[in-house]
Amino acid sequence: MSFLDASEMIGGYGAADILHGCTLKVEKGQIAVIVGPNGAGKSTAMKAVFGMLRLRGGHVKLDGEDITGLSPQERVKKGMGFVPQVNNVFPTMSVEENLEMGAFIRTDDFRDTIEQVYELFPILREKRYQNAGELSGGQRQQVAVGRALMTKPKLLMLDEPTAGVSPIVMDELFDRIIEVARTGISILMVEQNARQALEIADQGYVLVQGANKYTDTGAALMADPEVRRTFLGG
Amino acid sequence: DEVKLGISLGFTGPLESMSPAMAQGAELAMKEVSDSGKFMSGSTVVGVRGDSTCVDSAAAAATVEKLITADGVKGIVGGMCSGETTASLQNVAMPKGVVMISPSATSPALSTLEDNGLFFRTSPSDARQGEVMTDEIMEHGIKSVALTYTNNDYGKGLADSFAAAFEAKGGKVTINAAHDDGKPDYSAEVAALASAGGEALVIAGYVDQGGSGILRGALDTGAFSTFVFPDGMVGGKLEADFGKEINGSFGQMPSSEGEGKDKFLAAAKAAGFDGTGVYSGEAYDAAALIMLAMAAANSTDPAVYKAKVMDVANAPGEKILPGELGKALELIAEGKDIDYQGASSVELIGAGESAGTFREIEIKNDKIETVKYR
Amino acid sequence: MIRVENLHKHFGGFHAVDGASLEIAKGSITGLIGPNGAGKSTLFNVIAGVHEPTSGRVTMAGEDITGLKPHELFHKGLLRTFQIAHEFPTMTVRENLMMVPAGQSGETLWNAWFGRGRIAEEEAALLKKADEVLDFLTISHLKDERAGNLSGGQKKLLELGRTMMVEAKIVFLDEVGAGVNRTLLNTIGDAIVRLNKERGYTFCVIEHDMDFIGRLCDPVIVMAEGKVLAQGNPSTIMQNEAVIEAYLGRGLKNKIKAETQA
Amino acid sequence: MDILNAFVAILNYIIVPATAYGAQLALGALGVTLIYGILRFSNFAHGDTMAFGTGLTILVTWAMQSAGLSFGPLPTALLALPIGIALTAALVLATDKVVYSYYRKVRAAPIYITMVSVGVMFVMNGLTRVLIGVDEIKFADGARFLISAPDFKAMTGLTEPLAIRATTAITVITAALVVWALFWFLARTRTGKSMRAYADNEDLALLSGIDPNRVVAVTWVIAAALATIAGTLYGLDKSFKAFNYFQLLLPIFAAAIVGGLGNPLGAIAGGFVIAFSEVSVTYAWKKVAMYLIPGYEPEGLLQLLSTEYKFAVSFAILIIVLLFKPTGLFKGKSV
Amino acid sequence: MSTHQPKAAKGGKWRAPAMFGALAVLFILEGTVSNTFFSGHWDNALGILRVGLISAILALGVNIQWGYAGLFNTGVVGFLALGGLAPVLVSMPATPGAFAAGGWGILIALCVAMATLVAAVFLWGRLPVRLRGWAVAATLVLGFFAYRAVFDPAVEAVQAINPSAQGYLGGIGLPVLLSWPIGAALAAAAAWVVGKTALGLRSDYLAIATLGIGEIIVAVLRNEEWLDRGVLNVNGIPRPWPVPYETNLQQDPGFLARAASFGLDPMTGSTLLVKLLYCLLFIAVLGLLIWAAQLALNSPWGRMMRAIRDNEVAAAAMGKNVTGRHLQIFIIGSAVLGLAGAMLISLDGQMTPSGYNPLRYTFLIWVMVIVGGSGNNWGSVLGGLLIWFVWIKAGEWGPTLMGMLADHLADGTLKSHLVDSAPHMRLVIMGVILLAVLRFSPRGLLPER
């Protein structure tokens, strides 16, 4: 039984379906990576898993419990955290307040988590009192990931977390993601920096037109020349 | 039979608080006539209210249109404000040939309007009041006053005519400033008036509109202690809200030398509304005039009875006061002349507007008291 | 082509661009890299007329263009894309492209009323052109979709597509690659090279994907903390210790090495 | 002495009334700006919410008075205020449920919600009048003056009077308290921060586990409280008349905007800017000039513009402010 | 915020004809059926239609600004009022002697004011930053006093001429139809000034700035008696060609014969004819405007405008002159508002500056635009006609409903309170209808696309 089990998801924004029976599973403490062409429905699938999109078919289970009918904020309480691809910070709140909002549902003392985030992304400590809307693109991305980490989720979902971040930060981010996974947190992420991502992935999904095209371990996908050529840029 | 009269007043909009008492005044006259059983061989008269909004000419015209065509009214008490009245008269009532008697539209421009003899009004001319007020102030030994008026044709007309009369007699108007009704704050106006100074403050406004706000501010800041109140300010509210603070202030309102207004007030009280409301009595008179003219012409057709309005309003004839409409109908039936006085001592002059005598009042012992008639 | 002299841009007390001087040679594909917050986008925005510089000068082919408005710069042949996609959300994808060319005769009211024949001809040509661009970007199936409904990467493609609708002299690309599928990014890279070779466009490219930079750009300019840190061809830049320290990091450098050797 | 007289004249006719009016506007603007900041639309119904809340408070006041309750030297209405607020909040929440919630669900553009609020404004406007009528109502009891004009003259021997109404003082004090409380709430409490987060990015707030319904409800309750307090204080200081509250809407919006939409501090500043410019630009400086320059008797009134233009003047000042600070004095939001 | 909008309303291309059909049925019912809700007289139906057509033009003007370019103009009442000044200036007779008495003085004073402003702007641009604040302030103050010194006596002289009936400069006695384009031009000129200064402001800030400008324009019209008699109103503005006066028709034997042949009594016949002519005249204007607006919207020009509305920064980067286009559209929209203002005044036959209140002439127009569906020209026309119809009828339905309610009550204070408050049901009904429309068609009756 996978920790996250989203099976046969069907759904879309209007009348037309974007997802045509897409299945995503993540084991406890493992990293799953979704790759695929632009517009394949990766973000849509993430939203569906998080309950931001009504499904017309399929179900989502977390730790064996069916959560298909829950609202996003109920899923947050169940231990899911999400960094969307766009609009992922509170622009007129300071960096620190952004992180605090990440910890909104926590009732314990979260100051040391903030410290951890600052250690991971030192630039954020420097900019802690600046509004997130005034940050550079890459800095914003770091705030967004930091915010999600604040929840101390059991399942962390990241939609292109490395888009626009510099190589040095990207490397650290991937390191950190591995570290996070080691503590038993499951990770589901979408990546276009696919080669780096698949390198650390336990499980890889190639999504095309809302359906699973290839599913295998990260290494196996990397090794498949067809996949490399068509989806990973050679 | 049932005869319908329209009542087109600004039930919503800036003067909305004045309209109900006016409508009730008009309806009081209709009820009196109906109850007498002597009108047009026992016909009853009912009023149909319509909302003229006071500020929106197009809406007022539509209202009057509907009153005339859909409800089939034979005459109209209204409109309320001069602009809207002109529009509904020229665009609707005149083409349709229906009589309008306005209780409150005081613009001099209405006198010269071509109206096919269909338009009358029971409110007095502003020019005369300016002179009366001048005399009164002079007699109080006051030589300089600050003047504020409500920024409409009534206020402006009254203020201008008063200022001209007062300065002609050697008085000094230190400032002649407008105030808008229904504004949330009058500090600026009060400050300007206070700074200009003067022995008294003349408030040519409405007591349940901006006039109260100005008065309140002037009293509270201690800017003035003597006030002069023209007709729009003299009402029950003045006594109730300011009674003991304005002792010694004075003013005037159009009123017959007799007890016309008092009779009207008593009748209004019996009917359960406040007859002291501004223009409530004038509305009563407007309705009464239409009905008496109908009786005199023995026809409800405006084209016929419009000629009789001046006859019943003016001498010669027996004087008719509020509450005596039944008697008036009897006299008319007997073929006798009447001279309708009503609540506001109606005397239609020129193109059909009230000449008016004035009652001078003073606030003594927290009450409005009549001093004399002019 | 473009010369930036001692440019400063301050936000309150913060010096986002702090005395940068650089030159973009005509006909080159210049890469602009640097850590997050180095001031790259701010520099772009100043050059493109979105921000007034605090001080300094920008010239284009010898002509001073400091402080010109964006639309004036467009008419001088300077185009740019945005790091965070700026589509026209309620218009269709095709309309997003068709609105770009300047000097359309249908853009004056007079012609809209009385010159409809000419407009129809122009429109037909524009339509063809737009469809070609969409084909090239592999999103022609979306031509009638509202641009606001596109996926993140598709919006970036649309950004790029707009620059292909006109004859530009110089194009500034702010992270076209972020969020774009790598296979497609290669195609885009090829297109950039082709536009550069065939039509003589000059490019200035901000990008964090070093593969892309390495394959495309020469020279590469590195910015850090609002200043120019280093400049040179890609391979020297990637060996530069200061650049590795501030930007590339050890992990990636090794990887890139490994790949180039392989 | 004359300098003192000049000073007192300015105090009495400009500073005191403008402060009171400014505080009233500021409280109103605070409500508008809060709704704009968090629910992201211009709420045209706010003026009529004020009227309605005040109407309810008056009814409660009357009930209390007839039951013999009083609040010593303070107006009974203050005692009735909490009940008025509760009732108004209930009504506003019901309105949200019936009307606004749908538009949030379909994510309608702000302009549509603004128009919806115009609809609500019409309905409330009518309801208020049906509830309590169109007449002017005075419901201030308790002490009238802190300092009355004759007392002041007797006390100081100055020729210029100075009067401070008790209601003026109450207004200013209450306004200050409310503003402080609101600031503290928004900046320091968890709920306050979650409201700001919701305002910033609704979707992300959802992802952080913030309950949008709660945020919306709290916002409405605060807005209702602000409206009722503002309306009641205004009614106490001037008088209650339904129509005036609609008229108040314009200067309130002006205040909120000149200060910077969505910014509470801006709302306060805006209220005072509007009030002071209305009163001072149309002030006739003649008297003050005469005090200050002995022997000087000016021909005219030394009035820059007549009072007919006071509203125009305050708007002109507002436009000038916006030209130099396009999102208001305190950097407000813009959609 | 995510961008997905509520989906376009159902019905496709038949939606607009169906909506207009339904509206036509409403007017026909008003003209033919007499019951609690409809009057059953064509006089009323045409009367409502006539102002409804002007409302439609107003809504079109606002839609051009908002729907095309996203400019939030809440100064509608100001531009409308300015347009309304045109019939006074164009078609009223000149007041004898007024121009000689003070006309020149007023003109000179206005020139002084203009020169002051120009000088101030010039100084602002040329002087070093440290000096310019004081220099400009000094120029403005000096200019202001010079202006007042010339202006005040001139105005006094004009206003002294027969104040109760004239007291103003009057017009130039030309046909009133001419005043329509001139009203548009007046409003356009004002829009140019406003646009030059305020168009840099963002949505809601522009809204309040224009609201203020509207108030200022109305305040000027209310208080400058030399211009339009202020609160004293100007009466007797002639009717536009070819509309006759009913009273003349009623005496015209030719018309009487014609009316008789239709079986109409002369009273009804004449009022109907006049209304019909007005309606035709207005329909002609509206038709022309709609034609122009539709062509423009569907041209590359319209596409550019929508692009600017959607994203100004990107549009500027794509070479579109955002400020210039905003100014253009602001002027065009305002000109349409001014045109409608002039039409309204020549319909009323009088100019009543105190009648210009923002509730009626700004908010109600906005309601029309939004209910109709912003960005859609036909929607604006529909919204204008429908909301005006409702606005008028709600005034009648309110008391009717209240009367039904009160009928079941015993006489007493409650009943009389209810009856007195019946007119306020107008607003309640209006509000409920507005809410209902927006509830079931959240993007307006005819959404943009």
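Chains: A, B, C, D and E, in written order; residue numbering restarts at 1 for each.
As a convention for this text, a residue touches a chain if its C-beta (ideal position, glycine included) is under 8 Å from a C-beta of that chain, and two chains touch if they have at least 3 such contacts.
Computed from a predicted model, the values in this text were never measured in an experiment.
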Partner chains that chain B and chain D have in common: E
Count of contact steps on the shortest path from chain D to chain E: 1
Higher-contact pair (C-beta pairs counted), A-C versus A-D: A-C
Farthest chain relative to chain E (centres taken as mean CA coordinates): A
Distance-maximising chain from chain C - centres being C-alpha averages: B
Inter-centroid spacing, chain E versus chain A (mean Cα positions, whole Å): 54
Cα-centroid distance, chain A relative to chain B, in whole angstrom: 76
Separation of mean Cα positions, chain E and chain C [Å, integer]: 46
Where chain E touches two or more other chains at once, by residue number: 1-2, 4-5, 222-223, 420, 424, 426-427
Chain A residues counted as touching two or more neighbouring chains: 13, 87
Contacts with 2+ other chains: residues of chain B: 14, 16, 20, 151, 178
Chain D partner contacts - residues on chain B that touch it in the complex: 14, 16-17, 20, 151, 174-175, 177-180, 182-185, 187-192, 194-197, 208, 212-213, 216-217, 220-223, 237, 241
Contacting residues of chain C [partner chain E, same complex]: 48, 50, 69-71, 74-75, 79-80, 82, 86-91, 95-96, 98-100, 102, 104, 106-109, 111-113, 116, 119, 122-123, 148-149, 162
In the complex with chain D, residue positions of chain E that touch it: 1-2, 4-6, 66, 72, 144, 197-198, 200-205, 207-209, 211-213, 215-216, 219-220, 222-223, 358-359, 363, 366-367, 370-371, 374, 417-418, 420-421, 424-428, 430-432, 434-435, 438-439, 442-443
Complex contacts: residues of chain D adjacent to chain E: 36, 42, 44, 99, 102-103, 106-109, 111-112, 115-116, 118-127, 129-130, 133-134, 201-203, 246, 250, 253-254, 257-258, 261, 304, 306, 308-309, 311-312, 315-316, 318-319, 322-323, 326-328, 332, 334-335
Contact footprint of chain E on chain B as seen in their complex: 11-12, 14, 16, 19-20, 49-51, 53, 55-59, 61-63, 65-66, 69-70, 81-84, 86-87, 90-92, 94-97, 107-109, 112-113, 116, 127, 151-153, 155-157, 160, 178, 272-273
